[in-house]
Amino acid sequence: MFVLVNAKTYPCDVVEVAEAAREVNETTDARIAIAPQAAELAAVAETGVETWAQHIDPIEYGSNTGHTLAETVADTGAVGTLINHSENRLKLADIDGSVQAAERAGLETVVCANNAAQTGAAAALGPNAVAVEPPELIGTGTPVSQADPDIVKDAVAAAAAVDEDVEVLCGAGISTGDDVVSAGDLGAKGVLLASGVAKADDPKAALEDLVAPL
Amino acid sequence: MFVLVNAKTYPCDVVEVAEAAREVNETTDARIAIAPQAAELAAVAETGVETWAQHIDPIEYGSNTGHTLAETVADTGAVGTLINHSENRLKLADIDGSVQAAERAGLETVVCANNAAQTGAAAALGPNAVAVEPPELIGTGTPVSQADPDIVKDAVAAAAAVDEDVEVLCGAGISTGDDVVSAGDLGAKGVLLASGVAKADDPKAALEDLVAPL
Amino acid sequence: MFVLVNAKTYPCDVVEVAEAAREVNETTDARIAIAPQAAELAAVAETGVETWAQHIDPIEYGSNTGHTLAETVADTGAVGTLINHSENRLKLADIDGSVQAAERAGLETVVCANNAAQTGAAAALGPNAVAVEPPELIGTGTPVSQADPDIVKDAVAAAAAVDEDVEVLCGAGISTGDDVVSAGDLGAKGVLLASGVAKADDPKAALEDLVAPL
Amino acid sequence: MFVLVNAKTYPCDVVEVAEAAREVNETTDARIAIAPQAAELAAVAETGVETWAQHIDPIEYGSNTGHTLAETVADTGAVGTLINHSENRLKLADIDGSVQAAERAGLETVVCANNAAQTGAAAALGPNAVAVEPPELIGTGTPVSQADPDIVKDAVAAAAAVDEDVEVLCGAGISTGDDVVSAGDLGAKGVLLASGVAKADDPKAALEDLVAPL
């Protein structure tokens, strides 16, 4: 299972979270990565943890003031990027452009989607994975695997119907190892989570709990 | 074949174009519709021509100042709507919401897309049709069926792979009856065009030429 | 005092509201106008009431699918337009472009703003008026003149400091004639309101109450 | 004079540009700063050059995936930020929110504007400075001080009329020391430039030329 921790713009010590993740990663078969803010990518990558961006723009080198270039993200040591997170939704054509930009720069991609139909749509653009996150569950602490397990199953089916190589991650409300196991049982290959780790008093303990049952 | 004429915000007499379309429609097996600006929907629908909106928003009745509500569009007599035109691109989640809003109001939907991958993505959201329009050909007078026939074939295949009920229209550069025939030969069930009719000196003659070979 | 009723996308009979407004307008020194959805502009203008658009785009005649052209709005019989309503916020450059487009088409303009600083900014772009509407009060029924009278005074001062010809309207939470009087006492030349009239069981009675103390 | 170099997403070695700027800064009364991409802020700040962000978002600590937080920018060592660059235009309310966010985090602000009216509008929001950059001149190599000197004078007057503490920078087409001198003669307190330094074969020589006549 892939455990991708989105640190958002939380008031956390993201380097401490990153070091915890790197240490826990060595003790488990799970794969753990941290997605910090753009300005923190280099510092997080220096810890040795697998580092992801939270967003890239559908652009190339050139005149793009204030935008996030895939190549610059890759230069920091990051290896992947979220695209179209519910807090940063993109136009369809720009998701397509961002997936292509990531591919060009050698970044892995997880495109976020709200439901099964959007998961199928995102899968048609050829990312590595789609994270299905019903917006109404984000930040609630209620895992989608409990609140609405069908949405995960339907998303897995929708992605597979479009492109068998596109994996599905389960987002929204993941906070325990049981949630991760449930997500896997429903066909997800990983989880996307945020506050459960990034805002935990003890991020290392939170990560250890998450991967313990795997 | 479905011939959908997008009148954009051209300086044309859209009621005259609508009346021409209604008259030509009676002489052919093709199906002709006109998409005027929102403020002109009622006047165009009154001519008796099949009337489409150029855009709707992913909203319900409520506090949405300056937005286009599917139900209000339907109340004017319009029966369908474009969504995500390249001059009005939407976020993925908003295309999804707009398709659902149109369905709720009983409007047919044509979602626009730039290429085959986006056509597959749009098809996953369940519209009636997807119009594939490579942005670089819009307004050039060079039909996509000549400039890049594979993009139409690929789009037809991409839509069919996701949902066999979703038809493909061919946009960008259509101006003659031969272009319409070529589009049909490549698997398209219709064409989306604009200046070729809406800016023609004689819109009726332009439409007659378009449907003559059908 | 100018009483501008924004009908949003409420499920109201906007023509009935318009007729009520026209009738009440004849009985008072106040000036009453109705802002319906774009697709309803012509039907509202036909009632003879002063008609405003809820939004225009910063465009000219041309290729602008799904956008609202100032000239087309004027052709329906509308004489003014809201710009940058809090439910339809625009980029600074696009507010500038929209004010210019309205001027070109002979439409009056009311630019919306959240606070005194933004009122000054909007005034610098040369509209006829700025409507100050603290977002947290919109739809609450608590008039800004009660909840935060200083914001109205500060907005009037901010506009006057930039351009003495730019009037200030008071929005958010207006529902009674006393609210209108209070707004005037604070220096506003009118009010922008919505649900208090457009969603009233008896729009005519609601308007009569609003203008009674004037 | 303030010389602010926007490195955009150019394929340049921004640390080399930063080191050149730091060295030239020690030889002149001018004040030189570099604005790199967010992911490069820390590396640029480490060179000791004055470092600016290209953009911040109107947000606070919290759930804002993929956005740029003023506090995180300040934590890298940056001391200022561009806002509303023509390649990254913001809504009026978001310029206001971004200026407030910068102030909260202790960052200086330069808001970009296209013309004198927008310069006045931006000045009303209380930034440290406004950079006037006619979009049609950006990247042309034709300095606004030559192509349209009145726009600079008008912008200086518009800002001063609104708030005497808001300075004006001159952008678009600056590439020589004479351009900088001309900008100062027109009332500008600095220049905003990009390719002339960031894409120069020898950034240090380019900067030396720029500040030589000061």
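As written, the chain order gives the labels A, B, C and D, with residue 1 at the start of each chain.
Everything that follows uses one rule, which is that a contact is a pair of C-beta atoms (placed from the backbone, for glycine too) under 8 Å apart; a residue touches a chain by one contact, two chains touch by 3 or more.
Predicted model, so just to flag it, every value in this text is computed and none were measured.
Novice: Same residues or different residues where subunit C meets subunit D? The copies count as same if more than half of the interface numbers are shared.
Specialist: Answer same: the two copies use largely identical residue numbers here.
Novice: More C-beta contacts across A-B or across A-D?
Specialist: Result of the comparison of A-B and A-D: A-D.
Novice: Using the average of all C-alpha atoms in each chain as its centre, how far is it in Å between subunit B and subunit D?
Specialist: Each chain reduced to its C-alpha mean, subunit B and subunit D end up 43 Å apart.
Novice: In angstrom, rounded to a whole number, how far apart do the mean CA points of subunit A and subunit B lie?
Specialist: 36
Novice: Quick one: report the Å distance separating subunit A from subunit D, using the average Cα coordinate of each chain.
Specialist: Centre separation, subunit A to subunit D: 34 Å.
Novice: For subunit C, what residues touch not just one other chain but two or more?
Specialist: In subunit C, 86 touch at least two other chains.
Novice: Quick one: label the inter-chain contact graph as line, ring, star, complete or other.
Specialist: Basically the chains close up into a ring.
Novice: Looking at the complex, which residues from subunit B come into contact with subunit C?
Specialist: Touching subunit C from subunit B are residues 6, 8-11, 37-43, 53-55, 59, 61-69, 72-73, 75-76, 82, 85-88, 138-139, 194.
Novice: Under the definition above, what is the set of subunit A residues touching subunit B in their complex?
Specialist: Within the complex, subunit A contacts subunit B at residues 84, 86, 89-96, 113-115, 117-118, 120-126, 158, 161-162.
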